[in-house]
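What follows are several structures.
After this come two complexes, each holding subunit A, first together with subunit B and then together with subunit C.
Let's turn to the complex of A and B:
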């Protein structure tokens, strides 16, 4: 076996096809896209090089600042919500519902399998003010509060978006974290209880440290997903009102395909790539340090 | 064991790998040049989902007057949502795969760009050659030329003027006369609001029904060339007299004259609000006559609907007989597939479309009506008379803007009337988008 793996030609043959496919469908488009960020133009007029003008424009563009800020805010809040809600649900499954949790797990998981666009429309109807009063506003009216136009200002639209995305995906994180929790040996929990650790103390000192690896994977999953959020936002608000809920992904999409400014669009895409990379590295670093200590 | 292969096999393998790689590269590199002009197999027509009139009327023609043309080159309709039309056209143009006939982009700027690269047929010489140029209404031709840099680049499947449709019964019940000036319009709205009648219905989701109010105010206060000056850089939207227009429209929203949640009202809902008598006034183009004439949609009855021009602004340079007009979503023809068979279709359309659209759909087009058609109702007659007597046309807010500025203007309009964006901010945002390109 060692001789086979020591043979360069064998390595080339075994890795070759995969590397080729990977290069063609991942690396080539990435480099290609990077190349576009030094150009100006569109598919109709053709492309001409314009040096680093797109990059300097990136730094001056207030819309990019808004979109970046929105993306980060959204990623942090939704990630926190998803993982915390998921973790609480997982704790609920393991410690309170125990064996009877299958039905609840299924119900909470259900929104995960729904198409995002359907969920978006559902929430639109749920929070709408006109032409019909949605259930949320009806409830507000019933307790004597005037209807609120949730999608009329970027502040309230943002919170509807956050609520929707947490609702939609907490079931997934609950199941993921549940798998981590059931892995904790019963003997460990038992002995901790004998030592007098109950309730919150048990969770804080035994359960959380022991489920940290899966908690970290959830965080990485979640933050990468939310940084790249696109479909749920398009379905619910389409970036509006104005550009109040426009993340980098949507701004990139609009710039490239609606305003047909492909060069600048791929510069924005590059920014998003760098941000995702940095955030992943940070989370990865933190998780490694914690693991060695724990 | 060491991994060895017979030489022949290795060569074959590397050849295969190289072949696959080059094929894949070829696949990724394709898309630039589409080659020589191939004659089309169908009269492909790319339309927007929202517009059902053109495709229905064309289908009617393909079975009737245009049957010979259709036998030679069968009509084939494909639709995309209007919001993704520009993207689709840009991609198709990039692949040199534009259909024979297609709805031109949402901003005339895109069609002009296509024309500049020779992808859109210049229709004036073509129609002259076919001997049907005189089948187009001169007013429609001049509107198209104003939009498309002096060239006839699209066919006027619609010819619309815009103004305010109002509910005669609601006006009579509240003792209101047709407002002649902006101030009278605002006070009429105030009176309606005080009687719990929603004064206007408008779609903030679409945005343009709101920005049209701004441009009309500008045309009345600063004159017909108000926006031409902005496009030419002689004036800015942030100039105080321009901001004033946004200010006036924002004030209507602030007082709640557009009803609740205007930002989430879509086009159909706005139309429905007016046609079910829930709103007294509706700023819209004459294409709405199709809905007004339809007894199923129109619950207040066509006899109850009146049409008034956008009112005058006191001391303004414009006048009420300057009508905002447009050719709807113009329909362009691809240059490379314009051959004899396409020509037969085009001649047949120019000769017959006007009458068909008016008879079947009650819509006014830029084609001459060659057979006598009785109007469906009084308001249609009123609008047709206005079209034929109007002396000067003006465009709309985004007519001379880039695609980007158009989108920015329309997506922010709801924020302007809901008060989450100040008039100054709104005009600044649009002006910035204009300056960006």
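Let's turn to the complex of A and C:
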């Protein structure tokens, strides 16, 4: 029978096309991009080799330092916000809403499927100060606070961005973590309650340790996503004011297509890849250690 | 409970003393917590839904109305014409058409290739299949920025740049890791014996794949297809890179450039365009929300 399921021609026919497309679209370009990082130029003007100049430029470029710092800061804060907000929502679903949570889950999940560009434009108008005072500033005015030009400084623009991304994705993490919490056996919770653990103590000593695996996968997933964030930032601030909200993803895009410097763009993309890999690896290692200890 | 001072009896005494106490406390606690739960739920509803209502109401305002009246107010005259203007003058109709022309073929290709590969990797028996699956999985870690420039060069040099093919091909390729992974996972629940039996009855393995396995994973196909639909439909980066021609813009790129095309002053049509985008996506989600939620969370590996 193994002859049938091990039929080489059938395997090649079924797997071949996918492997071919995947290699041509992802694997080959990845190696190719690595090659670009040793060149200067672009598709239209042609490429010339320039050794490791892009790499030394990478280390001296203050814009890279700013973008890298922004990327990390954004990833850490948004990840913390997403996972904490998602976890609180999941706890709300499981312990307080119970059966009634289906409707709320659906509603809070809304923004997850919405196009980021549309959400970005919506938030832009929601937080704007001119030409029309947006709802947020109107609210501030109503309680006696002067309007804030949220997009006028990179500090406040950053927080609008954080708020938007948490709004956009907390429903997703809530559902993901909800699935983890539902898996905790009722008997465990019941016996913990009988032992006198209630409220926060129950959550801290029983619920959190038992849902640690799904918490960790949320963390890894969220960090992986936030390091690569592009759409929401382009739509909300387009990296501004100045380049105050420019992550590596956007800096790479601008370098490549605004300044047509493919070589340096590829070098920035490589930095982004390395950062993503390193961060995921660290989180993975830390979570593995925590799990085996717990 | 007379001998309350002897150690063995203290424990039952303690619990029995606690039981009535505990029975009362949760009820009181629940009544208190019900109020704050209601407040939290109400707040959530406002935070999730109000921006959408505000956007919808604003899409029906005239420019004067938008600029001069309170942002909270209802439209003074309901300008449904904003939608027509966005659709035709703002080219949203064209952008939706482009998006469909790129997304539908990419989805079909991705599902077909991904299902076949998932079958070959999970059901068929051969050396090196776990390594191959790992190679596919690695694709989920690659930031799309890493493949943009070489692909751009290839598409430019092969003359594909003036068409929607770059989008179709790139979406198919970047979507394959997740599709292959999810389909392989679904095939894990299908017993191999089924296909062995089918071949005993005279069907070739390829026929067994197509006529037996595909109907079996039909549900999974819908789920994966939906997840990928939302990913591709909402993509900005790839579409922005490969569509220089205004006539080829997808809905996201079109929307991003909408203010530019229209002049910054046409608020009604702009909001109408955002609404078309948001409520169109929402409609699909509302019809299939359980599938979308399940699919997105089980496919949560993609970033």
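In this section, the second predicted complex is superposed on the first by the 271 of 294 C-alpha atoms of A that agree within 3 Å, B and C clash if a C-alpha of one lies under 4 Å from a C-alpha of the other, contacts with A are read in each partner's own complex, and residues count from 1 in each chain.
One rule holds for everything that comes next: contacts are C-beta pairs under 8 Å (C-beta built on N, C-alpha and C of every residue); 3 or more make two chains touch, one makes a residue touch a chain.
This structure is a prediction, so every number in the text was calculated from the model and none was measured.
K.L.:
Between subunit B and subunit C, which makes contact with more of the residues in subunit A?
P.N.:
C
K.L.:
Touching A:43, do we find subunit B (first), subunit C (second), both, or neither?
P.N.:
both
K.L.:
Which partner does A:129 contact after superposing on A: first (subunit B), second (subunit C), both, neither?
P.N.:
Only subunit B is touched by A:129; subunit C is not.
K.L.:
Should A:243 be classified as contacting the first partner (subunit B), the second (subunit C), both, or neither?
P.N.:
After superposition on chain A, A:243 lies in contact with subunit B alone.
K.L.:
With both complexes overlaid on chain A, does A:24 touch subunit B (first), subunit C (second), both or neither?
P.N.:
A:24 sits against subunit B and subunit C alike.
K.L.:
With the two complexes superposed on chain A, say which partner A:153 touches: subunit B (first), subunit C (second), both, or neither.
P.N.:
first
K.L.:
Considering only the touch criterion stated at the top, classify A:234 as touching first (subunit B), second (subunit C), both, or neither.
P.N.:
second
K.L.:
Examine A:258 and indicate which partner it touches, taking first as subunit B and second as subunit C; both and neither are also allowed.
P.N.:
Only subunit B is touched by A:258; subunit C is not.
K.L.:
With both complexes superposed on chain A, which partner does A:99 reach: first (subunit B), second (subunit C), both or neither?
P.N.:
neither
K.L.:
Which subunit A residues contact subunit B in one complex and subunit C in the other?
P.N.:
4, 7, 10, 13, 17, 24, 28-29, 32, 43-44, 131, 257
K.L.:
Would you pull the subunit A residues touching subunit C in the complex into a rising list?
P.N.:
Per the touch definition, subunit A meets subunit C at residues 1-2, 4-8, 10-11, 13-15, 17-19, 21-22, 24-30, 32-33, 36, 43-44, 89, 92, 96-97, 104-119, 121-123, 125-126, 131-135, 138, 167, 171-172, 175-176, 179, 196, 217-218, 221, 224-225, 227-228, 230-231, 234-235, 249, 252-253, 256-257, 262, 265-266, 268-270, 272-273, 276-277, 280.
K.L.:
Please give the residue numbers of subunit B that touch subunit A in the complex, ascending.
P.N.:
Spelled out, the residues of subunit B in touch with subunit A are 1-3, 17, 20-21, 24-25, 28, 86-87, 90-91, 93-95, 113-114, 116-117, 119, 259-265, 269, 272-273, 402-404, 407, 411-412, 414-415, 418, 420-421, 429.
K.L.:
How about subunit C: which of its residues touch subunit A in the complex?
P.N.:
Residues in contact with subunit A: 18, 33, 37, 40-41, 44-45, 47-52, 54-55, 58, 66-67, 70-72, 109, 113-114, 116-117, 119-121, 123-126, 132, 135-136, 139, 141-154, 156-157, 169-170, 172-174, 176-177, 180, 192, 195-196, 199, 204-206, 209, 230, 233-237, 240-241, 251-252, 255-256, 267, 270-271, 274, 277-278, 281-282, 284-286, 289, 292-293, 296-297, 300-301, 303.
K.L.:
Can you name the residues of subunit A that touch subunit B in the complex?
P.N.:
3-4, 7, 9-10, 13, 16-17, 20, 24, 28-29, 32, 42-45, 124, 128-131, 147, 149, 151-154, 239-244, 254, 257-261
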